[in-house]
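In the two complexes below, subunit A is the common chain; its partner is subunit B in one and subunit C in the other.
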Partner chain A sequence: MSPVGRRAERLAPYVLVAPAVLIIVLLRLWPLGLGVSFSFTGDGDRNGATVGLGNYAELIGDPLFRTALRNVGWLVVLLPVAVAIPGLLATFIHLRVPGHSFFRSVYFFPAVLSPVIVGAIFNLLLAFDGPLNTVLGGSGAGPVDWLGDPDVAIFTVVGAHIWATSGMALVVFLAGFATLDSALLDAARVDGASLARMIWHVIIPGLSRTIQFVVVTTMIGMLTSMFGLLYVMTSGGPEGSTYLPEYYIWVQQGQMSRPALASAASTVLFLVMLVVGLLQVGLLRRAGRED
Partner chain B sequence: MSRLGPSRWLVVVPMGLLAMATVYPLLFTANVATKTRREYILDRFSLASTLRWDNLSTAWNSVGMGRYFLNSVIVVACAVALLLLIGSMAAFALAQVRFRGSSALALVCLTALFIPFQVIMVPLARIMAEGGLVDTYPGLVLAYVAQFLPFTVFLLTSYYRAVPTELVDAARIDGNTLYGVYRRIMLPMGAPALLSVGILDALFCWNDVLIALLMMPSAGHRTLMVGITSLRGQYSADIPTFAAGVLIAGLPVLVTYLFLQRQIADGVTAGATKG
Partner chain C sequence: MKQRTLWSVTLVAGLVVLAGCGSASDPDAAAGGSKGKLVVWDWKSGDATASSDIKKAKADFAQRHPGVTVEFVAQPFDQYYTLLGAAIQAGKGPDVMLFNGGGQIRDRADSLLPLDEYVRDDRKRLAGWDAFTKDGRTYAAPVTLQGHPIYYNKSLYRKAGLDPEQPATRWDEFVADCRTLTKTTGARCFAQGNKEGIGIQFFLSGLGSGVLSPTEYDDWIAGRRDWSSPAVKRVFSLWKEVNDKGLNNDGANSTAMFNDAFAVFQSNKAAHVIGLMSDTGHWKDFAEFLDADDVGVMKSPVVMAGAMPSLPYDGGIGYAVAKWTKDPEVAADLVRSLTSTGALKSFFADAGAIAADRTVDVSSGGPAVATIVSEIDRGKPALHVALPSRTVELMGRLSQQLLSGSVTVDAAVKQLAASDQAG
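Then we have the complex of A and B:
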């Protein structure tokens, strides 16, 4: 090979990697740093001026942002449900319940639908004069204002999110089951172990890595992919009761023209995600060691 | 053979009900889309008296869903093609070639995987505005490429790692340059992985609403999902037309799912098991 050719060969891996690295650095990592520095500057008249922690103080004082953080608390509370449902379904499918491959296909399907479509469909079903309330009325129960009652709406939206995303976790659980030694399950059954004991003593310890992965990805999903549902189903209402940090960021950046305040909220969201992620990994590690 | 024993029927019934709860909302929407407004107001549940396509053609033509559909197809096709090209080039180099700084560059790609869009949305909008890219097709395509590139590189790298290095060495001894190896060996060998990752990227882009809202604010440039959200306000009294719009937006995904379910599931689980 000629010296020129050899030089070209040495450079080749860098040429191959360059477009990806450039895009990622310029449009992912650089904005992250930029956003954190925006968050210490002012909006409007004070655009560009340093305001220290002013934006963060405003966030803490803003009832809408406090509602958003309270709702994050609800997401954490509901997380075990969002993990247990696909986990249990995957267990039954793995244990070959009759029709298991049919169930697998059906349960997975909503996972490929856009939150916009899911939200639109649930809007139809859950409207105050919609079909679900018609059925409830027919059975004697009063209608529920699924999307109009501030105490109910956030749970309605989270429910739709779980309906839509369980399939993703289900498929991940099934992949985890594929690595589980089936002799263990068979032995447990021969010993006459009940399903509950089998889940507790064989499946949960055997799948600890998978469970850890699903817990973290489900939490991240709840924190970062409910925008479409909120936008379509409630627009943050009623009375701001369904705000989540991502929706708050969107509103402040767009409608309110408060990009610096939005950046501060973004930074808080990033910190919340880091803390939640590290905490969960830590807790699950400890639980895994005790077994 | 079921491993559940006789208790399995206790499980099948609730699972069947749940399956119905999963499918019913979609069937309900499809049924509403073929009803007249009058039929819907009189009875939410009845089947449409005759199979009618009026609502679908209204949604497609006069509501503008056809235009939005085309916008989505163009943007998604360009974004996925770029993602696969740029992603596979980087993944091949990171997985198969030893070069100085490769682990640092791999770390850069991996770190970006953990930055959600909401966290960088404000500064990204400003960068795009400064570059004159807001409300342009290239701008939205670039935003999608940036968003899903870390995931694409990550999955393709784990796939290319499994290709034996002897294959690359042999091809290079035969006189291929690194680019030749990429084009003649890695691209064809990686076809199943490219298909799997490409479908997922296409679904992500097709289903997105937040990035499209941010990057394509004007009405003529709406993607399909943004179009649906704008329908909601305009056609809130005309539920059947709204349902028809939803059906149009969901149908390509449904068809993709029916034919490529395995590839989609493979892509989802590859991220979990190889990570």
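Then we have the complex of A and C:
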């Protein structure tokens, strides 16, 4: 082979991966670096001036940002609920409760609605003088200020999010059930196992990979796609109790003209996501090794 | 593995080297249209009701600058300042842009061109300049006036046996009237929506002139705000008191001002609402549900002795010119066309806004408009508009905490003072 040909052959792999590398560097790493670098500069009059860790100190001192991070913690705590609900519903459908095929499509239906529409629906239902409180009032219980009580509102929004997104998880669970050996369920039934025991000893071990997958996707969904619901349902309120980091970033950048502070908040969110993401990758890898 | 570590180290090192370089918003952003073309950003030109104003302004401008084309770009309002901020940072901002008065324009004044020398002849004809002024320089010419009159429902007053033409002028009388109104008609005193934290802004400005003395009011507007004064504290304790006494509709913290609170007023469930003067939540909207003659406008009742109630209003929206525009004189001329009497007249007639131009005839608008316009000369800037936007945002959250009882008036006022004086 001629020296030119050899050189071409040596360079070929680099040329071939170049587009991918360029895209990653130009569209991912470069903006990321810029964002991190901006987070060490000031806003307004001090635009462009280096302020060191000033923005981060301000973030830590801002009760609103601390609330946002605490709410991320709440999302992690509520994750098992968000996974268990579609899991249980899928179990009932798999066990062919009466009307199961009807329920299958009904449960999936909210997954096709945009967060804005879901938010508007729940705004109407949960208004202080709305239908749900009328029902509660009629049954003797006092009205609950679903979206106006700072101790309740974040759970209301997460509840609406779970309602809207559990349809997709339900479908994933149903697909998982298709791989479950029905002989095991039949054997358990013959042995007289109760539903709870069947779920605990047969279904959960049999579906462990599916459950892990749903955990990962649900967590990502909760951390990255609550903005629309928050915007429509509470605008971060009442009393700032439903702030999440992305909403905080949006407010600082768009409403308060604080792009550098928003960059710092974005960097913190990025680090949080990095940790969560690495944990999840580890989880998935371990799950893959089990088979 | 080694290679991966190397990569990580390189990346981190790169970030450290970069850290603190550059700036979040481009300091020498230059953009806008090319010479001979002006780009205008707003959230209005897409509306059918605004198109005739735009047409008139365009024709007026074309006559004076035949060689210059003008392109209007309508942005969605709820994203407007996000988009504008991003465009300014990217150096792709427009030449002329619409702004809300108050904090929004003051926060961005460093990207705008002072217009004082260009708009000298319009000073007298237009009202509401203060909202577009920062440190003595004017950054936009007013198009509409925005303010917070207290609207009341005259038919409910009649049903309750109260004189609809003589609403109460003292706070204790006002509260007594409200008791009568609730007893006889079932309507609450105020329609209140504080879900977005907007209710407190309307409350502070709507009733502030009935609490603060004229000197204290003027000092507040001029930036000398004494947050520890009894009158300022009284505004916030009044806010809590009104809710605690059941004068508001239930669930104020979960009722959206736009437009659930206004709906409460329009459906006769509340006798008063602190609304707006222009665009929405105002006389024109209310007249669609209540009879136009039944919509009254009253001044704030006097809460503390010595107060002189006045109509709180500011320049609502106005056109500003970007600092980087190629030909400031032409851009400023476009602003003058956009605020000419002809253009503003159709703003009143078509869009239902109180135009900034005092020479526009409003006799067709009903008694509420007539009252509002008659008060403009004696009116003063609204209290909440004078606050920096971070303080307004904090006030929204604190006001919700005041209603739910999780913060005291003293603690809330202290936090507001700290935020106001932060810089």
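Going forward, the second predicted complex is superposed on the first by the 246 of 291 C-alpha atoms of A that agree within 3 Å, B and C clash if a C-alpha of one lies under 4 Å from a C-alpha of the other, contacts with A are read in each partner's own complex, and residues count from 1 in each chain.
Note that a contact is a pair of C-beta atoms (placed from the backbone, for glycine too) under 8 Å apart; a residue touches a chain by one contact, two chains touch by 3 or more.
This is a predicted model, so every value here is computed, not measured.
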item	value
Contacts of A:237 with subunit B and subunit C, given as first, second, both or neither	second
Touched partner set for A:29, first subunit B, second subunit C, both or neither	both
Subunit B versus subunit C as contact partner of A:171, first or second or both or neither	first
Touched partner set for A:250, first subunit B, second subunit C, both or neither	both
Partner chain in contact with A:116 - subunit B first, subunit C second, else both or neither	first
Touched partner set for A:259, first subunit B, second subunit C, both or neither	both
Which superposed partner A:40 touches (first subunit B, second subunit C, both, neither)	second
Partner chain in contact with A:211 - subunit B first, subunit C second, else both or neither	neither
Subunit B versus subunit C as contact partner of A:147, first or second or both or neither	second
Subunit C versus subunit B, contacts on subunit A by residue	B
Contacts on subunit A seen with subunit B and repeated with subunit C across the two complexes	29, 34, 38, 123, 250, 253-254, 259, 262-263
Residue numbers on subunit B that touch subunit A, as the complex places them	1-5, 7-8, 11-12, 15-16, 18-19, 21-23, 25-26, 28-29, 32, 44-45, 86-87, 89-90, 92-94, 97, 99, 102, 105, 108-109, 111-112, 115-127, 142-143, 145-146, 149-150, 153, 177-179, 182, 203, 206-210, 213-214, 225, 228-229, 232, 239, 242-243, 246, 249-250, 253, 256-257, 261, 264-265, 268-269, 272-273, 275
For the subunit A and subunit C complex, residues of the former touching the latter	29, 33-34, 36-38, 40-41, 43-45, 47-52, 64, 123, 126-129, 143, 145-150, 234-235, 237-240, 250-251, 253-257, 259-260, 262-263
Complex contacts: residues of subunit A adjacent to subunit B	5, 8-10, 12-14, 16-17, 19-21, 23-32, 34-35, 38, 89, 92, 95-99, 102-103, 105-117, 120-125, 130-131, 134, 163, 168, 171-172, 174-176, 179, 185-186, 189, 195, 210, 213-214, 217, 220, 223-224, 227-228, 231-232, 245-246, 249-250, 253-254, 259, 262-263, 266-267, 269-270, 273
Partner subunit A, residues of subunit C touching it in the complex	11, 14-15, 18-25, 27, 79, 81-82, 85-86, 89, 107-108, 110, 195-197, 249-256, 260, 389-390, 393, 396-398, 400-401, 404, 406
